[in-house]
Amino acid sequence: MAVFLAALSLCIAAALSAAALPRQWRVPVSAFLGSLGCLLAFGVAMSILITGDVVTFHSAQVLPLTGLSLTLDPLGAWFVLASSFVGVAACVYNVGYAKGAMASRTALTLFMVFVLTLLAVPAASSVMSLMFCWELMALSSLLLILTDQSRHPDARSAALWYGAMTQAGAAAILLGLLVMTSNAGGQNFADLSAHAAALSPVMRSFAFALILLGFSSKAGAVPLHVWLPKAHPEAPSPVSALMSSSMVAMGVYGIIRVGDDLLHGGTVWWWIAVALLGVVSAFYGALHATTSTDLKRLLAYSTIDIVGLVLIGVGAAGALNDSGQHAVAHLAMTAALLLVVAHAAFKGALFLAAGAVERASGTRDLDLLGGLIHSMPLTALVVVISAGAIMAVPTLSGFSSEWLLLQGLLHGFDVSSTPTVIVMLLGVIALALTGGLTAVAFVKAFGIGFLGQARSTGALGAREVPTSMVLAMGWLVIPSVVIGVVPGLLVPLLNRAAASALDTAVSSPLARGTDLVVARFGGAIEPAALVVGLVAVMLLAWVLNRGLAQRRARRVDAWACGRDLQTPRMQYTATSFAEPLQRVFADVLRPQTDVEVTHVAESRYYEQSLMYENRVVDVLEARGYRPLIAAALRVGRGARRIQNGSIHRYLAFGFVALLVILVVVG
Amino acid sequence: MNATYISALELAAGAVLLSAVMTLWRRSVRSIVSMLSLQGISLSAVAIVLALHEHEHALLVTGCLVFVVKGLVVPALLRRVSRLDPRSRESRPLVNVPASLVFAAVLIVLAYVVGTRITALSATSATHLAPLGLATVLVGYFMLVTRRRAVSKIVGLILVDNGIALVTFLLTSGVPLIVELGSSLDVLLVVVVLQFLMVSMRHHSDTDRLTEMKALHD
Amino acid sequence: MMATTASVSVSVYEGAATLIQLVLVALGGPLLVGLMAKVKARAEGRVGAPIVQPLRDLRKLLTKERLHARHASVVLPLAPMVILASSVMAVAISPLVSTHPLLGSSADILVIVYLLLTGSAAAALAGLDAGTAFGGMGSSRAMTIGALAEPALLVAVIALSIQSGTSNLPGIMVSTLAHPDWVLGPSRLLALGALLIVVIAETGRIPVDNPSTHLELTMVHEAMILEYAGPELALVSLGEAMRLGLLFSLLANLFVPWGIATHPTAASIVLGTAFLALKAVLVALGVALIEVRSAKLRLFRLPELLAGGFVLSVLAVVTGLVTR
Amino acid sequence: MLIVAILVIPLAMTIVAASFAWRPWIGWASASSCAAFLGLGIWLSVTTLSAPQWALHHSFRADSLSAFMVVVIGTVSLLATLFTPRTMGQEIASGVTTARYARHYVVLMQVFITCMLTAVLTANLGVLWVSIEATTIATTFLVSHRRTDGAFEASWKYVILCSVGIALAFLGTVLIYYAQLHAGGTVHSSSLDWTSVMSVAHHLDPNVTRLAFALLVVGYGTKVGLVPMHSWLPDAHSQAPAPVSALMSGVLLTVAFYGLLRFRAVAVAALGPAFPRALLLVVGVASLLLATLMLIAQRDLKRMLAYSSIEHMGLLAIGGAVGTPLAIAAVLLHILGHGITKAVLFLSSGEIYHLEGTTEIAKISGLLARRPTLAGIFGFGLLSLVALPPFSLFVSELTMARAEVDAGLWWVVAISLVCLSVIFAALTRHARHMLMGAGPGDATPSTLRASVAVPLITALVICVALGIVSWPLQSLLTHAAQGVMP
């Protein structure tokens, strides 16, 4: 534990140095201390996952009236692994990125606090400790969104949405946990876990429902996701990366920790609810990702998509565990956990790359980008690999985890309970549906953003970003490749984490080695061999291409139907790229399209100008949340009449109270 | 001796409540203030009668204090205030006079019902009269709620205070002297403060806004 | 020692099977394309090009000059390699000639599906690379179709794998061989219908796409690869032809696996090769007949067709679960 | 001796302020007198940890709870009086007030502080009432200090409502005394003493005590700002000068709540926990609900802060209703945290009013861009107010919630959490309007004078420290909580 505390202390030191040092020092020093702390935490998490030890810490001196309790078990360590790895990248990236408002004392300090809380949340082992870290995490990220608020109106409204929803979510979590403490006689997780069985089933389900509400909102599960596509894009990019990769994972962590560990699994219905949330989120997120034109918004929606898949895994694991299928449950949990880490890396890298693009070109609107591969080749490489991982290109990390998920779902069909089977089926369908949609989204993101010709002067003038930013992005590519090519290396760690999550001592169906082999189901993938084959064929193709022609390629104008003029504005844009799919799913997306045609004065057969506008708003936000807010405001305005300024009325309040007291009490 | 004591006590305590009801009835500020003066004097009479009966010197001092403060000073202050107010009539109260009186009757019944529960603890001839004080409190509060004029508000406040003082005398033969001194002084000061406020406001803005001060609201 | 020898000889057979199916599909894919063109031409009353014409085209293209569009990047020359590599690897690991190709244990449906998806994505990126309107249009349309076809494909194969209890393709085939009664079950038939639609969509045949169109606005796949010429076009075309060969062969083998080599003997591999060629030709003839008898759908009618395929596949899964 | 010194210091300062014409040094002197008695208060709290202290023939008594309240009063009044020279300087410069009224202001502030100190240090429950009533009189003039229509209206309502309310509290006190007289206790001059009341508390007549406690809740509740007699609070807070609002909202309300805590102990001893709990829960939840409703569409900055005080008082009442040692300790921590936070917020809103000329939310915008330090302080103050970590209100609110659940009141926690979420959304919405956005034009951001910024930032840092470190306070809190256990 001492090492972990040292890691946390390094992050605190980073925060303090950010607050205290002069401008030119505070960025590198805080980044150095912060990344060192994250590396240390990574090491601790690794050692816990390898040895399976559990370390604890309690101090009554921190947090008045309660004390701080930290416990790091393999489940927590797995999540620390994810957040510390991304934390290193975010800190390093910040060296090159932090300028202007992001280099201010407040922002840098908050950034380091945010990193700190991401390491601490999975370790918190009492209700108060968890809520403290959790709220601090929410607060620091909330304020970081506002870093450059004076120039970004969207950041302001995003922060409002995020703040309101995260606070409501935290309230739900708190209430759920407190309901569990009511008969536990203490607020440590150990007490909660020991007394969970004594809770009445209704109260247990009530507690889980509340906790699910809170954590799934943080995870971005539909329909509680509304804040996410607003907040993640508006944050500074290292913060977006942390939010989307690690903070979202904390939501998943919470569901697993409370549902599986503290409440010991509960009933099948809980997990069916979790999986259904996952199904809806995966589909909704993927669909919106395909139609988004803001690069970071696209990434945010894709986060919702992946979280959906993770929740399907978690839900399947819980349901199977409750149905007695422990081995398959283990498999599904493994898949979910692997996907969490894989997602943390590739989504982190993508958000950092999006930040690089924004920094270089001044915009993140795909409709204004293009041709960046020429000016930013390294960033482009990072995006290709990470996008490949998210599209589940075999031999990259997304594929390994999705394959595991499919294995878990496929063998879950042996369960006797019909609702579980239906959920498995929906899970498989969601997996299938999102695969294609994700591919569209990321082909669009890379193809429109990096290929072709620049669509704006900003994109034309882009230059590669500083080395520290490139290094940070490169760091996050490592897991995508490693988990993709030799996923088996992580199996022992995964087994520990999944076993600690599900609280069952079942031998893992996954064999050890560099490949993923589920021996008892006859399933396997051998990505390393696949890589060898692919490279060999590509070399052969290269020889065929170069070797036979023996010439450098000649540059010619592209085919334009015989016309000479071919301007960048004639290219397909992100909007037009997604238009066919938008039409297909118009019933879900409800796009708003305006066409305005102005005819020339002389004849209405000729058009002077034509304006076409296309917007895709979140239909859940527009139809679900907005009316609710409007109603609340109406109530608030109506309530103002209570205090109408008349002293007679004010006195009458008291008089009535007095009479009531006399009648009731006297 | 005892019978005289009881009837004197009853008379004085009854006068307190009666004057409270009278203030509700009358509209002219001048006569309301007179009623208040009467009430103060009756109140001090209660204290003095009790003091003589129970040989409580402290209560005797209190009685004299009450006589000075509530019987003389406060009414005098109020008269000064009411001279400032040209339209010194409670012209249209929120609840009209007949209804007020009916309501006052209801309040008195309520006070009686509640009061008997309290006096059950120690049944003496003095504590039996405590409901009268409670009724005065309620009537005073009712006046406070329903009367619009600033002076009426002050009167209502004093009625509440007098009612409480009556309860105090009857139930406990007065609280410790220091508390009693403090509370009397407080009442006095409140009246002074209110008077000061009325004067200042009149200075400050010509129109008589006191009746409908609703500038501050949500 | 004996065991080692045995395993060596087994891996020799596995290698041989892999090599045979690679060569077979590499040559057979273009031939199938030629065959289908021939059938269509005959049906339209023309003589048509010889069946080997696609192979000749490939040879000719390989010797031609390399041309790159002015604004294209490194993606343009890379994409054909990726397309080819993904098709080749998909062929290499799939159970076509034998149920034991070299990497047969990882011949998972998910691997095949996502390898093919990788190829499609590479092609779509290449279409966007030149920065022209047509390339973008082609990419957009191809990705849309792919996004709608992919779920149907995956779910349809999952219907089979639920029945067999594994997502490993050789495993599915082996269990089908053991249970001939499955073949005509409702679940299988529904999945077959779904897969047929998907295969037509993925290979870009009528009614989804017209491979022989020369009008840019109606193109899907052809618009996407409009900027390719010379050896790069050859690689792309070979990759596409192999994908077609693979899909036809898989379609045949998944539903009628008989004839595939299940033992490491020379005879069974020869037999497997022959059966594979036969089955692929039959599928190609069937698809050609469909092409002859139908007109190309409008782009925005396509989702209905693909959604139909998706629904069929879901029904296949459900009936599979119900009748289990 | 310590107790006497604590009371004498502000009293002496009153006399000094009354005898000299207004000069800025008087303001600084009054601040240093607050610092002095704060220091003594801290010393007192150390000594009370071993045993309660008495002074002047048992007239004054200080246990840990009293000592803690002295510390709270000292902290907040130090903060508020530090702003006296600045506030008066500004007001004299802008013609809002004159040197004469500035002198009144300083004197009344000192009287006000002295009254509060007397209230928490007295041994006698009657004197407690007298002192709290006396604060009304002192603060009335402070509320009307600006001598505007609004200020007069506010102080008028304030006096009337508070006098009525506090009169009911007197009736309650009298009834307690009556019950005590007939509880077998001997009658002597000090019989409203806290210790003597507590010694017979178990024998008090339930009927009388029940009514008495109900009257006390409504009566002292008036000063606390609890529903139903809360209405004076937004008016008075919005019209008073900022340091006065800070003192009133920061400590006056909680000093009255201190009175309630004492009487709650008596009531619980006499009646058992059910009735006091139910009563406090009703007023607490009602206050919380009302504050929530009024905050949603609030239009005025200072009224917003005032309603937030009602909200926090509601929370305190709920915490007091539970009444377990843990709950009371959390309540006390909440009192301190809320006091400091509210003081910071009111003082900075005073600065905002001074600079912007308005407290209407709709008319203030882009503060962070234009006045980063001030807006930052205000913003962090709001974060502390909505009980986010690492500020101490977070710990105290959560601990109260925990204690409530331990007492089986999870539905109350549910209601409060819903209210708190709505309040959070409402406050952030208002804050967004005021703080965020681009400033008008390209004016360079203006800085805040160090004399303003340093105290406020220090106060916020103290709030953070209280929320993270248990060390100096925890033993005092638990000890103080034990003091009002029946």
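Structure notes:
Note that the chains are named A, B, C and D in the order they appear, and that numbering of residues resets to 1 at the start of each chain.
By definition in this document, a contact is a pair of C-beta atoms (placed from the backbone, for glycine too) under 8 Å apart; a residue touches a chain by one contact, two chains touch by 3 or more.
These numbers were taken from a predicted model, which means no experiment stands behind them.
Looking at which of A-D and A-B shares more C-beta pairs in contact, the answer is the pair A-D.
Here A is the chain whose Cα centre lies closest to the centre of all protein Cα atoms. A separation of 43 Å divides the Cα centre of chain A from that of chain D. Distance between chain C and chain D, defined via averaged C-alpha coordinates, is recorded as 77 Å.
A straight line joining the Cα centres of chain A and chain B is 69 Å long. The geometric centre of chain B is 31 Å away from that of chain D, both derived from CA atoms. In chain B, the residues touching two or more other chains are 114, 117-118, 141, 144, 153, 213, 215-216, 218.
For chain C, the set of residues that touch two or more other chains is empty. For chain D, the set of residues that touch two or more other chains comprises 156-157, 160, 164, 211, 234, 294, 298. Looking at the complex, you find that chain B touches chain D at residues 114, 117-118, 120-122, 137, 141, 144, 150, 153, 157, 160-161, 164, 167-168, 171-172, 175-179, 182-183, 186, 189-190, 193-194, 197, 200-201, 204-205, 209-210, 213, 215-216, 218. Residue ranges of chain B in contact with chain A, taken from their complex: 94, 110-111, 113-114, 117-118, 138, 141-142, 144-146, 148, 153, 212-218. Chain D makes touch with chain B in their complex at residues 124, 126-127, 129-130, 133-134, 136-137, 140-141, 144, 147-150, 152-157, 159-160, 163-164, 167, 170-171, 173-175, 177-179, 181-182, 189-192, 205, 207-208, 211, 234-235, 238-239, 294, 298-299, 303.
Looking at the complex, you find that chain D touches chain A at residues 156-157, 160-161, 164-165, 168, 210-211, 214-215, 218, 222, 227-229, 231-232, 234, 290, 293-298, 326, 329-330, 333, 366, 368-369, 376, 383, 386, 388-390, 392, 394-396, 398-399, 401-402, 405-406, 408, 410, 413-414, 417-418, 420-422, 424-426, 428-429, 432, 436-439, 466-471, 473-474, 477. The residues of chain C lying in touch with chain A in their complex are 62-75, 77, 80-82, 84-86, 88-89, 92-93, 103, 105-106, 108, 110-111, 113-115, 117-118, 120-121, 124-125, 127-137, 139-141, 143-144, 146-152, 154-155, 158, 161-162, 165-168, 171, 216, 226-227, 230-232, 234-235, 299-300, 303, 314, 317-318, 321.
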